[in-house]
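Paired with chain B in one complex and with chain C in the other, chain A is shared by the two complexes that follow.
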Partner chain A sequence: MTGLAVEEEPSAPSAESPRVEFQVEPTSYQHWRLDFDGPIATLTMDVDEQGGLVPGYELKLNSYDLGVDIELYDAVQRLRFEHPEVRTVVLTSGKDKIFCAGANIRMLAGSPHPWKVNFCKFTNETRNGIEDATANSGQTYLAALNGTASGGGYELALACEHIMLIDDRSSAVSLPELPLLGVLPGTGGLTRVVDKRFVRRDRADYFATKSEGVGGKKAVDWKLVDEVVPRQKWADTVAERAAELSQNSTRPDDAHGITLAPLTKDRADDAITYDHLRVTLDRATRTAEITIAGPQADAPADVAAIHKQGAAFWPLAVTRELDDAILDLRTNELELGTWVLRTTGDAARVIAHDDLLLANDDDWLVNEIVHYLKRTLKRLDVTSRSLIALIDPGSCFAGSLLELALAADRSFQLFGVFEDVAPDAEPAAITVGAMNLGPLPMGNGLTRLQTRYYGDDAAREAAEARVGDALLAEDAEQLGLVTFAPDDIDWDEEVRITVEERGSFSPDALTGLEANYRFVGPETMETKIFGRLTAWQNWIFYRPNASGPAGALRKFGTGQRADFDRKRV
Partner chain B sequence: MTGLAVEEEPSAPSAESPRVEFQVEPTSYQHWRLDFDGPIATLTMDVDEQGGLVPGYELKLNSYDLGVDIELYDAVQRLRFEHPEVRTVVLTSGKDKIFCAGANIRMLAGSPHPWKVNFCKFTNETRNGIEDATANSGQTYLAALNGTASGGGYELALACEHIMLIDDRSSAVSLPELPLLGVLPGTGGLTRVVDKRFVRRDRADYFATKSEGVGGKKAVDWKLVDEVVPRQKWADTVAERAAELSQNSTRPDDAHGITLAPLTKDRADDAITYDHLRVTLDRATRTAEITIAGPQADAPADVAAIHKQGAAFWPLAVTRELDDAILDLRTNELELGTWVLRTTGDAARVIAHDDLLLANDDDWLVNEIVHYLKRTLKRLDVTSRSLIALIDPGSCFAGSLLELALAADRSFQLFGVFEDVAPDAEPAAITVGAMNLGPLPMGNGLTRLQTRYYGDDAAREAAEARVGDALLAEDAEQLGLVTFAPDDIDWDEEVRITVEERGSFSPDALTGLEANYRFVGPETMETKIFGRLTAWQNWIFYRPNASGPAGALRKFGTGQRADFDRKRV
Partner chain C sequence: MTATADYSEKIPNNVDLHEDRRLQRALESWQPNFLNWWESMGPTLPTEDVYLRTAVNVGREGWANFGHVAMRDYRWGIFLAERDQERQIGFGEHKGEPAWQKVPGEYRADLQRLIVIQGDTEPASVEQQRNLGATAPSLYDLRNLFQVNVEEGRHLWAMVYLLHAYFGREGREEAEELLHRNSGSDDAPRILGAFNEETPDWLSFFMFTYFTDRDGKYQLGTLKESAFDPLSRTCEFMLKEEAHHMMVGTTGIDRVVERTAQLMIENEQDDVSQFGAISLDVIQKYLNFHYSVSLDLFGGETSTNVANYYTAGLKGRWMEDRRKDDHRLSDDAMLVDAVLEGEIGQTEVSALVGLNTDLRRAYISDCEGGVKRWNKILDDAGLPQRLNLPSIAFNRKVGAFAAIEASPDGQQLSADEWTKKQGDWLPTDVDKTHVHSLMHPVYERGKIASWIAPPRNGINNQPFDYDYVHLS
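Moving on, here comes the complex of A and B:
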């Protein structure tokens, strides 16, 4: 170690900093432009150097921080819901000679470890969302690299279906994280290079050590990009390719988008309140209790009524609220390590909404709503918090909302009723619905029921055979759908002990445990990115070789070399 | 943080400590007994409390350290080669009421980070080897838990085909790492519970937080063990089950084992020399150069001659040497971050030995040799060192030895000859052989050629079609079998730059990069254990919540609680 003093203290938001808000709108974008030309949208990255989310760094060369990525996430979402006419999204840069330099290094170097990890998780989710739009929404992303794409910039391109690179003798694609920063390309780059683009592993290794990257013909030969295009033909070729990609879209010709109006959200220190969702923050027990209210009205009559309700349609409204709540809690409430999941309302209405969606899954908006719910539940799966579902009288864990209980690490269903409180209540029940049988797969490609009963098809089939039945605690436990079914005498103590115990364990070990247990069975590019790549990156981020005073992340740009502990681990 | 002083300094071997040797013999075992009764062998764990590999801890309650596991590895190997008559291996304990308490906590708490990680890697490899013996060697492992199996003790049982637990109202199986130590069960426990034994994920979660574990009927109901047996029926039932398991074995009735004689090994500070393998240690460039000599004689005539040569048979001899060299370097030479792989000898003789093996793959000894080579190459794959293969004139990268080049992160093949040195030499060639087409799969279940050409079947088939051809650099590069093919003018500089550059990068980032790139494509239980579980464990091991002065690992047994940073990451 050189013994040099730390030049910059971590400056990214910490528990004491102002809260991060994830709700933005295109009219207030600081870093992106969204232009439309019939079926082609152009999403232009033009980062405001002075527009960092927190002080302490400049977003030079189209580098990004969480604030830039929040806008990108918003744009991807709005394109799907507000612009059904769009069939190709051209992702390009508003700067000259540079597409995007990746995550801002000074921001990363100055950030506390949890901030780094959470930032990478969110950016990964957004890139997976881009792939999801291409695969499931008829909106194909085209990366038009009109300049160098390095690090996270190239990883952003890797999430697109087709990558075009300008051929100007200087522009290249690169993953310079390892040679320059001593960390990994942590936003899926390593995984996508070999598992998606099928770059040969020894070439991938070479590429990831060449900070200047690869451009021109070699970039095509090595499959790093799909084509290189001379500057004079650039605009025409991009337009041509965008038009071609839009040919295969399943998007309807005559659709009208809906408006994703701002959420009604009241954010206090001890509660977050939306229209259909409420979070209670209990700092004493380090618990967030998330209660989702089922539909307050019957399902609308038909698909036209869904379009008319738009963002007010309950499944969409509640998904948006859940999405925002997850992001808010994950980013702003690091010490609330346990999330208790509750529901309240009418199970039959939940199922009726589900059935309406599934009966109209050929409608573009319905398709968007179901995939958005899928993505939001996936966000829950990769959340590093313990998830406990409490199923009691008055709850409505049915169909799409039952997924919350199936996503939980453990679930409790009350056997009978609370005799002292409401002896005449209907006992708690859960209902398996069609929404549990396929439309909402996890990142491992399995449904949550398939994951739950992995290796035991008979038990899964027995549970699936009960679709539509209101299952009381005894049945649900017998079928294996809930973990425990205490009666009202034991309920309070069993729940209390679980929550207290969870709060007493090492938060790090819980994160590792949950990351392993939630994704049993097959692996996909997604589980590799969140399981393997992220875990290695977390370790590397935490090591002095990257983040110590003499580590590569901290020394970048100082003109001094990092001083490494050379021991291989 | 409590601010308490560190009570114990790390005491496990470091770079300055005496070297660890992996060669042992049954007559000198300190911790295990091996008994034979016809087709049934009993491997009894009876750890010598005072027999720790390094000072500073007592191996109470059949807890283990690296020394205990080195003996276990030796026993598993010798059973396969020296005892072909054995069809069932009963793994049990020589202590009363305790099967095995897992890895010794004081040893772990006192060990430097690289020691912890390397220890876990070796123990994982040995447990995978137990599963390999069951799957491929006709030697089925039966865990006879005559007392509590906790932590690594239960993980050892999980590697066995059948788990019996004594039902005495106190014995249980448990994974107490998370609640007691703030770390994960890191020897495959988390993965095997859900992916091998199909324990439901919420039950697995509960189980991994209950330090006292689960015994009796519940352990069977939850699939944690296969059966519980009352004490009075214990011995008879174990014998019965062992006999049953031996029925299905493919082992021959009349075979005679071979003796794994001690290796000839000269270990100096700058070189390790065996009969067929030499390692040169260059501390200036932080490089180990491993040179393997091909067969010095023609392949023997038939399988009888293989048996007669026994441990001197070149493929077995060289595999044993490579195995020992990998373990020695991994454990004792942490700062040698790059391994340069070379061969020298006659390619035709290598292929002839390969062909002899493959033509006799129904012979038990041949089967053992091929699977041992497979396991040793897998050891190379999970080694956290950069692997560079150099293919020059006089080398014999053919068939089984070509796997070394295919395992490497990069390979260089000389185009032509060294004009200044040996202008009349035969140019460097590589030869694809039958051994590259299936018998030596990686942990991901693919051959190294399938891994190399993942997503490009046409390129793989083109390479595979050249079986038997001596491929010069131009051809090999064209086919994608080597990374680079410089001529003699560029060779020295290209190789030097690669080695120097590799040595300049962050060792941690290289480890993460290689762990991601070497295992493209499908995942298996093995890749999950080495990729995902290990990565999370490495991170957790390095966090103050586990290993800091107030961390759970350091506080265990002191009567004081760990003091956790509660932030979730």
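Moving on, here comes the complex of A and C:
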């Protein structure tokens, strides 16, 4: 390998780079293969070395970049929606002797800081999604490590329910980030080793400093993997284990998947338009305004109709669009620091769709839709943008869509109507629905209402007691469901000043502030990954010991040693 | 809708109040509270009516309409200087950009704070002076006191207008608070310390209007430069009225000095206290006190807040457009007063950080004009005595000299020496008691108290013996 000739803060994937799109299809995968055998799907990682998302690195040893992970995310999603018959997903490698070497180091070393942070966030979300499929979809992930899994490769395995390692006297699992690169395993590795696999902390410490990792029997003894399998028996044992894991699945027999057709998306420089969602990009005020349209039609009569509508069913369609919009804005529009959230439509129809979903939660597709909405809202929660919800006449912040306002850092609900514009309009209302009471928990395991009223059960119960009521601004403010309730005389100025003031603060400090306030209460694996692990990792990324000219990340692969500033901070 | 029809009559204005729903709504709830405040915290002397000037528009004729008015019915108006459509920001990092007609969100908090602090001083002086009517030396002076009071009330309106019109809900809350803080209150005092001292007598009143109102003039002068155009225009009009308040102070002190000089010559002695007047040395002590506490109002020699305000374009320098520099000051330096190794001296700081000192210096040279004027009265009377401004280090509680004691001529003193000698330089209880003992009301037309000479001219070409005030 030649040296990393990067002396300045690199700008490789930057504003000049092409816009990243997150929509892909299996037929165009460059790095993955999906094979189906009844209830068993095999997802094979076979990274195209020359297929990096941006120029400047080769994806050797099944290492990955954002492009590889975008395909992985797509595969995980399609397995859930398009393949109800699949009960076990075997995650394995198409390369000889190597499962996956983790995130590509030259890509990381050559990426500006925001890119690294965004990349880690997305990969974390995908791995959480894998765990969510195992926990809630009856689709159990089995990591079949047919070669060494190092760093992010092992972290990918950690997201699976069961880890098998081939016993060939050389394959191992490892987290070599600290000794080799001077950074942390940033995709949940540190968290999952102790919190999920219950590896004793001193062993975990040893393991994370030993770049060659641990294989064979010791890996099992230390709970780093669940079993090691000799080469000769590998294929049979994997098949056997996959079959076993499929036994307990809640997935239905004889179900047919739906097709996740490509989204209708028009991406311009100043707007992104989907069927039910529109984003206006205002670069002058550094604001993105996201407007979600409620259902255009009444909720279908029954669950069969949901299946018939498939990806066109409003809750699913709008969730997919929101998901894509979040990823697009997060990756491609770094300077749009404030997202203004709006809705428009009929609140009763939103609630009717919610009710239909909740009444049929034993249906596999309904289950998928609700969990997908849950994951997408979680994406919003961990987004490093200021979120401001504007609730005005004609909006439909009800039930599932009320979650947007509850996810926001601040919300404004118009008191009364816009006298000069539409004096006869119905005043803005919000509606607490059953969707707000449990099915859509945040990463901290609490609902957004529980989070909002943390430590004040009486206030939460008062808000929850109003389920189904259209709450006008006065009530909503009094119940604490919205932040402010200006009337039409004040509205424009209050909103303008808030947005402008927000835009004038330090973006970094805002990110920290919001991340702290959004997640009150108990720690979970997710909050640890997005809080503790990510914050430390981002600090380390920024320190000269990692990313300075003599830092370990920059010196990796040059044959030179990193020159550390030895002060402990 | 009938309610809105009287607005222009009830509240003279040039801000299109009749078509501004937000402002109407805000004022509807604020005005009754203001009137309550005026009733409970305004002048205590009951009057039928007072010969007052009411501004009904900003033009030459409009701003000075005279007539006898019951003070409760005074029409507190809202006036901004005419808008210059082409006005550009004159300084700071936004120099050359069009002046702001709305509050930029980025500067909301700072602008609101500046306006609240300015607004807080306006009603404070009314509160401080509320009992002075009981001891007015003449109907002419009583009328001037009330004129100053209603105009300070109007200046409160001006600041409240800005808070109501441009700062939304938080602005309304702040406007309400302006009526709930009260001068000298233990629970909710005025923001600046100097505005929590009662004005106990008329000599103090004249000194206050000369020295402390002059601080207000300089603060308004810097806000007049603001990039936020409505603030700039409001302050420009307020400055016009502030000039009248200072005239009351200037000529008031003139007349005290004149009377003292007259009695000194008639009786051929310096101590005129036995003749019902105020000796020059006591006048000097009052001057020392009011000048030094007013210097404190300009804050410390250096201020990063003020530097930020300047760079942001919120608050400029006195006579910004006459300054011959780049109006950004990012690379300039200046000398500010300092105590260096225990000695009174100067130290160099960046020009931005030293802006308080710049403003205080402009103020000091203005104050020297008054002293010159009073000394001319002494000179014309053939007296050798002179009044002086004390050293900038004298009796300071804020800034570099707060830590030391100094005599009026700038000699550093030990704490002991200061304790021993301060009675020579600042009003003592004996001085105050004497001045207080002279304060008997004179409400008879054409008559005047013993300690002050009558004015040369009346108000609005009326004679001195005009019936300026009808007591009830």
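One rule holds for everything that comes next: the second predicted complex is superposed on the first by the 558 of 569 C-alpha atoms of A that agree within 3 Å, B and C clash if a C-alpha of one lies under 4 Å from a C-alpha of the other, contacts with A are read in each partner's own complex, and residues count from 1 in each chain.
Throughout what follows, a residue touches a chain if its C-beta (ideal position, glycine included) is under 8 Å from a C-beta of that chain, and two chains touch if they have at least 3 such contacts.
Since the model is a prediction, treat every value here as computed from it, not as a measurement.
Comparing chain C and chain B on the residues of chain A they touch gives the larger count to B. Within the superposed three-chain model, A:E58 lies out of touch with both chain B and chain C [touch as defined at top]. When both complexes are overlaid on chain A, the residue A:L533 reaches chain B alone and has no touch with chain C.
When the two structures are aligned on the shared chain, A:E21 is found in touch with neither chain B nor chain C.
Of the two partner chains placed by the overlay, neither chain B nor chain C lies in contact with A:D469.
In the superposition on chain A, contact of A:D490 is made with chain C only, not with chain B. Of the two partner chains placed by the overlay, neither chain B nor chain C lies in contact with A:D226. In the superposition on chain A, A:E501 makes contact with both chain B and chain C. Residue contacts after overlaying the shared chain place A:D275 against neither chain B nor chain C. Common to the chain B and chain C interfaces on chain A are residues 501-502. Across the complex, chain A meets chain C through its residues 419, 484, 486, 489-490, 493-494, 496-504.
Residue ranges on chain B touching chain A, taken from their complex, read 15, 113-114, 117-118, 177-179, 181-184, 190-191, 194-195, 198, 200-206, 208-209, 286, 334-337, 384-385, 408-411, 451-456, 480, 483, 501-502, 505-518, 520-523, 527-528, 531-533, 535-540, 542-543, 545-546, 552, 562, 564-569.
On chain C, the positions that touch chain A within their shared complex are 21-22, 25, 102-106, 108-109, 166-169.
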